[in-house]
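Two complexes, one shared chain (subunit A), two partners (subunit B, subunit C).
Entry: the complex of A and B
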């Protein structure tokens, strides 16, 4: 049973910014929020439904950025032609997030704001150096997704801010990217994202789900990716899917598998 | 092929369309006029004295009608339990496990009850707790129960456990311990046999704490009015629940009505009394109907599966023949007995396998602990004991240089041989079944590294006590209604009973309806468990049909003014002198003299004739499993699953295949994924996100479901029971397959990726704290 709450349904961004606050929280798909409320972990006074705000919706190109509105649901991101064309890795990740009900209901923005450690989406976006756009009555600010995911279940969004969209920089030749995940329960035990910029050769390796927040390593070239170093440096959270030692071990295994997948894909 | 008209055919399930379209009625859909909603206040600690319960604030909350506590139950018999009535409806003076019901909040709406539930203040004083069987056994361990309880004295329970057993319910006098029950079974001279053995193999395993997940959590709606109680619930055994409720309220059985609509999965977890007393005492308190629906988490805390720590020592001669087996079983049965005494007894009976064991000593102990009560689970103790002894046998095979099939070939009992002295000999050809399973596995063996195969088998003395009744009512248009107390919980009994009635009466399946499981409407059925329905209800129904035919012939003889022996049966009709024919409907109409009337046939079954000898049938399991292990992660992929159902005759082959695949898959769940984990006083994973049941993507790459029909059962057309047999040997088969893939023998289930990875790399089960 959900604790009692009021529902606000603003139609404009200004109304929404007026409505939100410490105990007046944004609500979109509810796949994380309503669970937390049902478990008695969260008792907001008001849920502010942001699904009617046009500024938070849509997937489009804006200059060199692919812009994904915060309220876009996972399955729409997965199927959207622009996402599939420019960042197919993200499309693949979104196609395998959670389960069918989560993908049909949950939003990319909600996923990031909730900062659930066992998320695939944040890990993938950090590999692309995606940027989150936040708006408050005081104006807008941009923050890398890496900074935005500040801690477990803790994003850098202030209570008076709304996440508007996520921007993935595209400029230049296509980034090669790969995501592999190790999942033996309902949520991933481990996700490894690699993005390889063909011009510089640089590789970003992001390891998510294994610890409290996604962790990032950069290497000069794919063949310099050092799985053992990454495995020794991750900070795993032991749980029912594995001990610290096991999770460290499978981190190394999956980083190697991600590199192999990247190399075998070619350009 | 043409011997039968309806049985032996995979007819479409009766409940198919309504279940797929969502129109099927389950208990949760049932409402009663003026109904209140109940929420249960539960203990938030493992073991504690209750100092006070303050419901003032809850009672002041909007729409709250009452808060029921143990003190209110003073005029009633406040406990239940079909073997030992040790289970307090509401904790009176102390709580014995996290999640134990302490109070019931009744309100006009579910929301009001949920809100007010949080306002009931319970003051506790913590007591030291015992969270594992080992802790409960330790010298000076805190007692879960300070008092003893009388057994209910169910004779049929005693005879289910077997003559050779000694079954101890520890007495009140003397030092009390946490041992709830002990069962011993012994024959021959194991010590002498071991002394002369070529090889002695010892092994110890742990069987995990499981939850028999069904999609429908426990729920009930009850109405106590004017000295009569009516309950609709998700009970597998409505008659057994009725008996418990009658004892609580001291009512005649006729004043207690328990009915069960469709059940959303039982698997043993819904056998016996669960939430019915809570809803019933609440209704009795306020004089209005009460609905209680548990969450999955509450359901897990209501009944889980007995864990087991089992030590096996087997002695062999040089050819691999078993000389002796010694087995010690310790089960953690949780805070209350429920059906664990029987689970333990069955675990003892089923632990040593369907083999020639000339010398045997089995000791079983069931422990009270401060954990959720354990009870029946598909297989009744067989999955626990079988895993332990089959793993031991496979280890012996390895040491003797035999393969898993060969050591079984050398030891399996042959058709008709006794497994338990004084019991029915085995009515199955396990040797032939073994060849089917082994050859199917070999046929698709893959030549890849980290690949392993295992065959395993089991035989269960079916706990199906032969007391059953059935009725058929032939309508004046010739159509037929079958009445049975057996419940439909997804296993397909509605279709099966229709098929038997249609076959016996020679009528079209389309004119047969089935009404089930209502203690005031349908005839008595002891339980719906132990795979009994096809065999025992089937026999009762055959007799009911024969009785109806006799009545029809008598009536026709009156109509034709001839003697009954001049009337012969035709399909759906009778024939008299000079070729006169009357369909059933015509007989009814002519005899009653109008478009009216009906004929009722009654079938009764008890321990006599074909059902004199116990068990009425042996339910066997024969499975083969092939696995592939990812050596880097320890992930186990099931490449092959083979099941061989030695069922005598498949009345509905598709239903048998469904049962076998379901049972085997549930077995794979316990072997590879499922385990409830206590973290301090409470479970770390009492939910379906963190308690992982098998998914469709986990299904084996190859599934070979074989039906071995040799018409050797006592049931209709030679049928025997099916439904749990293929779960029982899965643990052993998976353990053997994984062991052969990674080169080391596991000592526990489930074989999660980390456990397999540690096994492969010869690492301890866990790391020392940093």
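Entry: the complex of A and C
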């Protein structure tokens, strides 16, 4: 049984912003929050359901950005035509999150706000240099997803802020991207995302799940990606899925596999 | 409407019947079904969304009822394993589970049945790969999974044939 709490179900953004605070926390799919509450790790006074807020929903193009509302569920993101067309790598990542029930219930925004280290979504979004939009009674601000995922179970949002959406910049020629993951339990042990901009040649390599937060490397071209350097520089968290040494080794292997996948797909 | 409350009057359609109740905000759908409505076909085990025994359909989509607030089902339809058979006649999925020996102790079966129903209602002719992918988040400690996949596949195959 869950500890008692009060629930607010605002219909407008203003009502929601009035309702949230230090001990009045946003609630979306509950796939993380209800577990934390059930385990006695978290005991908020009020849950503020954000699922009825139109500003936090929807997937659309806005200028050069693909905009994904914070409350969009993993299964919706995975299936959405705009996501599949413009960032097929993200669609594939979303299709493989957790299990079918988690994908039906959990949101992309809840995933980022919870900042669980063993995640795929943030790693993929950082490769695309996605930006998070936050709103508070004082106004809006934008923050790169890389900065937003500030620490393990710690995202850079204030208690009076809501995550509105994530924006993936699409301007310029299509970015080529790959994601490979290694998983033996219900969450990933390691995920490697690569995004390659054909015009400049630049590559971003993001390694997630293995350490406390996703780590980023940039290279001037795909054939300059140095898996050994990345493996020596990651900061793995040893746990039941592997020791530090093991996770370093697996990092090297999966970076090489991601590079191979990128190269073998051609441009 | 935005005032935080601990109690909510809800109206949920459960297996085709409208149910009106006042529930606590913290009420979980699994407890609502099992304790308030005495629908004990749905089981509960891990309470972590990992094992899938608690799977029910909400508006046709599978969810873990162990981690789903009852108030979120307000205005929606909930389908549980009890809805499958009618008048002593088993649902084709249940028939297939029997024929393929897809259960031993049977504890995981309600969850697998509801996961499978969710998939086949949306995609009646689902292929094996899709079935395996969809059932990946359910745990069975007895059968080794193969007979379960075969059971679901046999219903999908049948439905593919009928659609022709």
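Just so it is clear, the second predicted complex is superposed on the first by the 267 of 267 C-alpha atoms of A that agree within 3 Å, B and C clash if a C-alpha of one lies under 4 Å from a C-alpha of the other, contacts with A are read in each partner's own complex, and residues count from 1 in each chain.
Following the convention adopted for this analysis, a contact is a pair of C-beta atoms (placed from the backbone, for glycine too) under 8 Å apart; a residue touches a chain by one contact, two chains touch by 3 or more.
The structure presented is a predicted model; accordingly, all values stated were derived computationally and were not measured.
Contacts of A:1 after superposition: both subunit B and subunit C are touched. Looking at the shared chain after the overlay, A:104 reaches subunit C, while subunit B stays out of its contact range. When the shared chain is aligned, subunit B comes close enough to touch A:243, but subunit C does not. Here subunit B and subunit C are compared by how many residues of subunit A each touches, and C touches more. Of the two partner chains, neither subunit B nor subunit C is touched by A:41.
Applying the stated contact rule after C-alpha superposition, one finds that A:186 touches each of subunit B and subunit C. Look at A:253: by the touch rule set out above, it reaches subunit B but stays clear of subunit C. Shared interface residues of subunit A (contacting subunit B in one complex, subunit C in the other): 1, 3-4, 186. In the complex of the two chains, the subunit A residues touching subunit B come out as 1, 3-4, 182, 184-187, 240-246, 249-250, 253. Residues of subunit A that touch subunit C in their complex: 1-11, 15-16, 18-19, 24, 30-31, 34-35, 38, 46-49, 51, 75, 98-102, 104-105, 186. Subunit B contributes residues 110-111, 114-115, 632-633, 635, 673, 677, 684-685, 689-690, 692, 752-754, 757-758, 766-767, 770 to its touches with subunit A in the complex. By the touch rule above, subunit C contacts subunit A in their complex via residues 1-6, 8, 24-26, 28, 31, 47-50, 52, 55, 61-64, 67-69, 71-72, 115, 118, 134, 136-138.
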